[in-house]
Structures are given as C-alpha cells and as structure tokens.
Amino acid sequence: MPVDFAITKEQEELKAVVREFSEKYIAPRVVEFEEKQMIPPEIIREMARLGLFGVVIPDKYDGLGLDPITAGLVLEEIVRGDPECSLAVTFLVHTSWGYIACKYGSEEFREDVIRKAARGDLWIGIATTEPGAGSDLTGISTTARREGNEYVINGEKAYISGVREAREKGTWFKEGGGHVTLTYTDKSKGHRGMTFFFIPLTHPKITTRLEKEIGRKGWSFGSFTLNDVRIPETYRIGDEGRGFYIAMEGFDHARAYIALTCAVAAKRAIEIAIDYIKQRRAFGQPIAKFQGVQFQLATNWSRLEAAHALAYKALWALKMEQEGKIGRFEVTKIVASAKLFAVETAKMALDDAMRWMGAFGYTEENPVALAWKAVKSYDWAEGSSDIMRLIVARELLGKEYIK
Amino acid sequence: MSKIFVYAEVVEEGVVEPSLELIGRARELADKHGFSVSAMLVGFGVRKLADELIYRGASEVHVVDNEVLSKYNLLLYTRAIVEVVKNEKPEIFLFPATTTGRELAPRVAARLGTGITADCTAIEIGDYVDPITGKKYEKLLYQIRPTFGGTIMAAIVTPNHRPQMATVRPGVYSVPPRDTSRSGRIKEWTIDFSEEDVGCLEVLEVKRERRKVDLRSAKIIVSGGRGARPEGFKLIRELAELLGGEVGASRAAVDAGWISYDHQVGLTGQTVKPDIYIAVGISGAIQHVVGMKDSKIIIAINKDPEAPIFRISDYGLVGDLFIIIPKLIERLKVAKS
Amino acid sequence: MVTVNSKQNSSSGRLNIVVLVKPVPDPKEPPKFKPDGTLDRLSMKLVMNPYDKYAVEAALQLREALGGIVIGVSMAPPHAIDALREALAMGVDEFILLSDPRLAGSDTLATSYALSMVVKKLWSKLGKVDLVLCGVESSDSNTAHIGPEVAEWLGLPSISYVDKILEVSGGYVKVKKLIEGGYMVIRVKMPAVLTIAGTSYTPRIPTLRDVITARRKQIITWNVDDVSIDTSKVGLLGSPTRVIKMWAAEIKRRGKIFTDTDIDRLIDNFLAELRKDGVKLK
C-alpha cells in the first residue's frame, strides 16, 4: 500500500482558516461548553458563515463539494481547539448524515432541506437508537405508515445527540434541525422492511427530553417521542426497505470521522500533558525526566500515530467508494477497524495523560479530563467497539462464522 | 564644515525631548569627528524656540515660521524641509522616530532621492570600504537598528547619496544639559507654499494628553492591560509600590479610562527599557510589545495560556491575576520582613 | 475577472483602492539562520504581513460601504505567491505580483519606486486610483517607510498611523490618525495614501468557499519591463542604503511558563526559579 501523507496547498489553506477560527473563537471558551452545557450560538453562526456545515454537500446545493479526507483535515482543527469534542460531534454527525441524506433524498428534499443544511441554517442528526434497541438495529419499534402522500410516524428514540439544538429553532440554527430517523415500514420483512425518514424536530407533535451525559456536555443528548407525526413523502430518505443498508453506509461515514476525532483529541491531550510534565516537579526534578513517564509517552504517541493514519485510511476508503473504486464491504472493514483502534488507543493514552497530571487531571477545567470523557462515549456511540470487532471478524472469516 | 541636521519636532509645550536627545548625540559626534550641528524648526510662532536648541548644542538653527504651518501638515512641512536641505546640503539629517518623524522623514528622503533608515537604536560615525568597488568612504553615518521584530540587528550605511538620513528611537540617547552661555546663528527662511498643497491636507482636530509620568527612567514597571480592569489596577499599583516601581498600561487600558495616558507603553505611548517589566492581563499585541520588548526581564501574568505575551516572556504565570497578585504581594511582604 | 481593464466613473462614488501587501516570514515563528549567520529566508514559512491584513480589511469595508474594486499589489519573489492568496480569500478582487530578479536587494526607496510604477500602471488601466492603503509597517523590516515613500513617488498626500477611516465624501477622506498621547482627525483630498495601524480593524476570517475560490483566481505577475521600471533605480545597485552587517540581537527570552491550579505552589515555583536564576525583584 504505497501512500502519500502530504496535503495540497488548498487543503493547507482551508486548515489555516479553520485553525484561525478555532484559536479565536473556540479555544478561549472551551471550558465554558462543559460548565454551561451548551455551545454559544455565536460559535455556531460563525461556523455557518465559514461554510463548515456544507463541507461535503455538493456545490449544486450550496455546499463546497469537498471529499471526506479534506473534511477530516478540517475536523482536525476543530478537535484541536475543542478536545472536549462537543463541536466535533456537531460537525461530524451533520457532515456524515447530511451527506447520506443528500445522496438518497428526493430532489425536493435536497432543494428544501439540504440547501439549508449546507448553509448552516439547519442541523442534521441521526436517530436509530431506542430505549429498547441499540446495537441490534432490527430491535427497534418505531413505525412509519404510509397515508396518501404522507407518512405517519410513531415511536421513541433515545440517547440522541442534538435534540435540543434541533428543537429550538432560531437559537443555534435559524431553522432548527432534524434527524435522519430509522423506522419499520414493514416489520414482517425484518431488516429489509426498514426505512429512513428525515424528521424535523421542530414538528409540533414531537416531545423531547434531555439526558445528562457525563461528557461532551456542550452538545445536547436526549430522547424524542413521535406521536402520529406526519411528514411529507419527500422527506423519505431512500426507497422503502432500504433503511438498514443506508444506515450501514451512514455509520461508516460517521465512524471514520469519529476515529479521526479520537486520535486527534488524544494527541492534543498528550501535547497539553507534555507541557504540564515539563513544568511539574516531584522528587527534585520535572516529571518529564522520569524514564517511566517517557516510555509511556512514547508508547502512547506511537499508537496514536497509527490510529491517526488508520483514520485517514478510513476517510480515503470513503473517498474511493465515492469514486467507485472500492466495494462497500471493503470500506466497512477498514472503517470498523479504524474506529475500534482509535477509540481503544485514545482511551489508553488519555488514561495515562490524566494520571501524569495527578489531581489537576481530575478537574473539570482540564481539557485532558474532558477529552477522556468524550472519547469514552465512543465505546458505544455510532456503533459499539464490540460490534466493530464483529464486523472486522465477519469480513475476515465470512458471514457463516458470525452469530 | 559638514553639517549634521536635526529635526526639532514641536508640540504645544515646545520641542519634544526626542529631538533634544538627537541634538545631544549629534553634538557628541560632531565634536569627535569634526561636524557642525544644525537644528531645523518648522511651524508657526516657533522662532522663539530657536534659542533653546542652541542652548542644547546646536550651532545653527534654520527656522521656517509661517501661519500656514500652524497645524502639522505633512506636505507643507516636507516642502519646507526639502527647500532648506537643497540649499544647505547637510551630510546627515536625523529625525526622532516619533509618529511624526516616521512619516515626515521618509517623505523628505524620497523627495531628495536619498536613503533613510528607520528607528535606529544607535548611530555612529565610521569608515567603510565598498567590497565590490573597493572605494573607501570616511566618516559615514552608521545606522544601527533592530529588524525582524527585534530579534536581529542590522548596521546600514548610505555611501553615495546625501543627506544620509535616519530616524532614531526616542529614549536611546539622553537629553543634553542646557548651557545658556552658548550662542549660535539663527537663519529664517521664507518659502512659497502653493494653494494646492495647503488645501490638500487639513487637520480638523487634535487631542493630546500631556505626559506627567516618565516611565523611561523606571527600573521596575508593573503594567496592566485589558484583562486587568479597574479593580486589577488597584492590585497593580500595590505591587508596583511594594517593588519600588512605576505603573504602566497598554493602550486598551488607557482607552477604557482606567488609567491616564501618562502611563501608556507602546507604539503611541512610551518606549521603556526597565530591568523588570511585569505585564498583567496584557495579551501581547504587537502595538504594545514594541514599547517594552527591550526590557531586561519580562514577566507576564495572564489567564490565557496561548496569549502572545508568553512568547516574549522570561517568566510567565498562567492564572487569574486577581488570585495571583494578592498572593504574590503576601509572599513578597513576608520575604521583605 | 472583474478586470483591471474597466474604467471607473469618478462621479459614481465607487472607489478604486489599491492595497500594498508584503509577504513576511511568519512572525509567530522564531527566525531561522543559515550556518554562516545570515537569515535563511527560504526555509521560513511566508504569511501576509499582519499589519497589511488590517489594511485589506479597511479596504474591503470601504468597498462594502461605497462600492468599487480592491486590488492587491505585492513586490516579492515567486515563491511568496501562496502567502498572498489569503488577501484574495479575504475578498480582494484581483492581485498583482511584481516579481523580477532585478529587484532583489532593493531598499525602501527602490521598493517604493517599483511599487509606485505598478500603481501608475493600474491607474492608467482603471482610469483612476482613489486610495492606496498599506499596513503601517512590516513585521520583518519595521521601517514604516513604504507608505510615505510610495506617496512621494506618486506625488500624493499621505497619512501614516491611521486608526480608522471615518468618512469618504465629496472627493475627500476623513481619518483618525494616532499620535503620541492621543489622535488627530485629518481630512485629505483623494487620491491619497493611508497606512493603517491596525487598532480599529479586525481582519475577517475568510470562509472555506473564499479559500477555494481564491485558489482558482489567477494572480497576475508583472516584471520590471511590464511596468517600465528604470532598472538603475532598483535592486542592490539602485538602493542608496546598504546593509553591511547583521547579527542576532542578544535578548533571548527564557520562556519559563508556570501553570498550576494550586496558586500557592505556582508562586513558590516561580519565586524559586527567580532565585535560581539570580533575578531580584526588588
């Protein structure tokens, strides 16, 4: 696998813009996200102005039409500014599921919703999990029943990101937002009877409830209930019965960005910890002079470099898929291993980094502690690590050996 | 005899100190190397300041006194100076590197087609051999100045063009003593100013605060910026007093009205070189740094670990100044006793 | 291309603004030296002079208020071209790079002459130039000479250390200029040259789309012959001043930064370090 890790001049310039934004707007206020449990709307508005919500959406719909690798390079700068990862969530969920919604949505949907999403006027989230079903997608109970040119949706989704930001139209996003939601249109067909719909959370017949997650507190997390919610058929994403497959594809996108987020958040945390251990003294010398600490540092860094590279391979795989050069299952295998490895590696590194920082590492102002909490969420979010293991094993051994 | 000209910049109170400093330095160089020192006065009602310049060391003062010059006007002042220079043909012409000097001197230089060096921190007279032609030059003005934001020093000469011009940083040289026994020649010039030039630039308003505190002689300065807020300045004053130092400020603090302009350090404030400069709640923007970067030791106290001030500090304390300074004051009081 | 060939109607109020921009080594990075002690300019990353960014921002705000066109101009070697793209990304309509080996070694008089010739050429193409803006000084040379000297070559009035452009009307521009201890409000007839101090303008961060569009915009390159420059007035030999020596200034900062949530311990460590270094606070 010959590789070129260099980036183009254009990518460098895009990164420079996001870095400037990150240094000016994000870094000074990161601790505030955690304390106030929200992202200041000004930051979201500036992100919209910069075009950060339309990165992978085609130019035709007011997006920038960039590829997943470039989107990843941009995401890196956001993560570096916010290792607490709320903004990373805001960006990557909207970017990956926005891409999917655009790819499979109807033309009316694209002109209406996707255009707004690209401009940053509307946020797109993902809702598959329910109180009774997480890893096993087929265990969901939300239903969608067709009536004329509408669908009537009933059900409950739980542990969903961005419920508040999508619901409160005008606060963060001009039009609020909605979630690409997985339902059953025909339960008898099993996973071939699932369908995706875009459901605007501003809909009057939706009730929401917030949870208190322990980390990435800046972006909300909660549940929403659908009681005979009627949405136009133009909001169906992909054909009836295709929901499960579209979900798998969408998860691959999200997981690739997540792999990158974990690797970069951990790297940033290590950098912060390095500054600390050079200053902090114990037994007459800076902690950085102790070989034990040096060995842990080197081991973690080397692993993170691998995770970082693998994350870019996953993004590359997505790009190759877009260009028709690689198959779906090949992509899934690479992405699953990237997410698994990144989360595990980042967790270990953050664990060590927190320990070097001692008591200070255990405080809410410490970005390392915040990153640790955020990365821990990816043990289960957008596909648990154990599911990742099953995916990779399946691709290596064949379906007959799994389950 | 070859002449060294010095531009005497005038404000309401009289000739600015930086011009007097240059007359002093010019006198030193003149006595050592055989030059004469002339001063240049431009304005309205400035004739009476000529004696002061002679007392400080000028042997000759050229005066252009005209009502149209009552308010500073770049084009008219340039015209006046160039006219005198064309007739007097000085070897060297020095300007103080004040905001006025730094825009007036280059215009004069460009009009005369000669070279000029900005913001010199030292000027000397010396010989020079051109490495390419082998030609030897004697008694050239060595113009020594910092570049690259102060990290690199350069020595510059103007071998063939005249006058050799330079703007010199205020405070590098000291104001010379007054000797009222000195005498000299005063020459008044009459210059025609065209209607056009007069109508081109018009000063509508001038607001200037007079400086009552001289930070340039302070050995220790504790300075406050935007992060300090009025409450912070109380602590800063206390710390400065404890250390036997003076209080300084960034332009932001002065503009906010927390402290008077006398204390301003920076591009349009004072340039200081104390033994210790403590920057409290100052981010380190280039307009402030330029006024204090030659301090022997720089200590910064700031809540933002990424603040640019830390890049040019010897010691940096990252944290809340409202917690750090009181504790620091306590510790220092204990150490004192 | 909006085009350097359209002639502007002076009575329309729309402004033709030229902004002089200099690519400089990134001021956030320490300078790099070659083994022989001279500056290793080629290895240092180039960015737009931060002061010129304020000038670009001022120009863009004027264009937004009154309409017109903003053209960036730079005299620099060809590899500096990427640093200048940022001006295009910010919104400058076109960019002209004056590049020629014969310009190497130019001091401020020669440089300002060369730049004035570019402005003259733009003048004839556009019909008029209303304002020439630039940053008050560059972060690498810090002379502050270019603005006033370019104005002199063009025979125009100039105002340096402009804090803010207050008003443009009736062929005049009113500005607030910084002086020691305060400010002056000056009215000057256009065309004029203004150097911007950067105290009242916040340079906009370009959007991602601006960056991509800027990448596709062409930077026009002219050489000495394109603008009829007299080569005897530029370059090393055309420069009246000569740098005879350069050396690193002694002041190297220690850069000892203390971070600790326990402030008492932070102060302890700090005072201990001062003692160790022999620094007396009183």
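So that you can tell them apart, the chains are marked A, B and C in the order they are listed, and the count of residues begins at 1 in each.
Simple rule for what comes next: a residue touches a chain if its C-beta (ideal position, glycine included) is under 8 Å from a C-beta of that chain, and two chains touch if they have at least 3 such contacts.
All figures in this text were calculated on a predicted structure; none of them were measured in a lab.
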item: Pair with more cross-chain C-beta pairs in contact, given A-B and B-C; value: B-C
item: Core chain by centroid distance, with centroids computed from Cα atoms only; value: C
item: Gap in Å, rounded to a whole number, between the CA centres of chain C and chain A; value: 41
item: Interchain centroid distance [CA atoms averaged], chain A/chain B, Å; value: 55
item: Mean-CA-position distance for chain C and chain B (Å); value: 22
item: Chain C residues counted as touching two or more neighbouring chains; value: 257-260
item: Contacts with 2+ other chains: residues of chain A; value: none
item: Contact footprint of chain A on chain B as seen in their complex; value: 304, 306
item: Residues of chain A defined as touching chain B within the complex; value: 23, 27-28
item: Chain C residues within the chain B interface of the complex; value: 25, 27-28, 30-31, 39, 50, 107-109, 112, 139-145, 147-149, 151-153, 157-161, 174, 177-189, 195, 197-199, 239-249, 251, 253-260, 263-264, 266-267, 270-271, 273-274, 279, 281-282
item: List of chain A residues in touch with chain C within their complex; value: 9-10, 13-14, 16-18, 20-21, 24, 46, 49-52, 55, 64, 74, 275-276, 279-281, 360, 363, 365
item: Chain B - residues contacting chain C, complex; value: 72, 74-75, 78, 98-100, 102-104, 106-107, 109-111, 113-119, 128, 143, 146-161, 199-211, 220, 243-244, 251, 261, 264, 267-269, 276, 286-287, 293-294, 297-298, 305, 308, 310-320, 323-324, 327-328, 331-332, 335-336
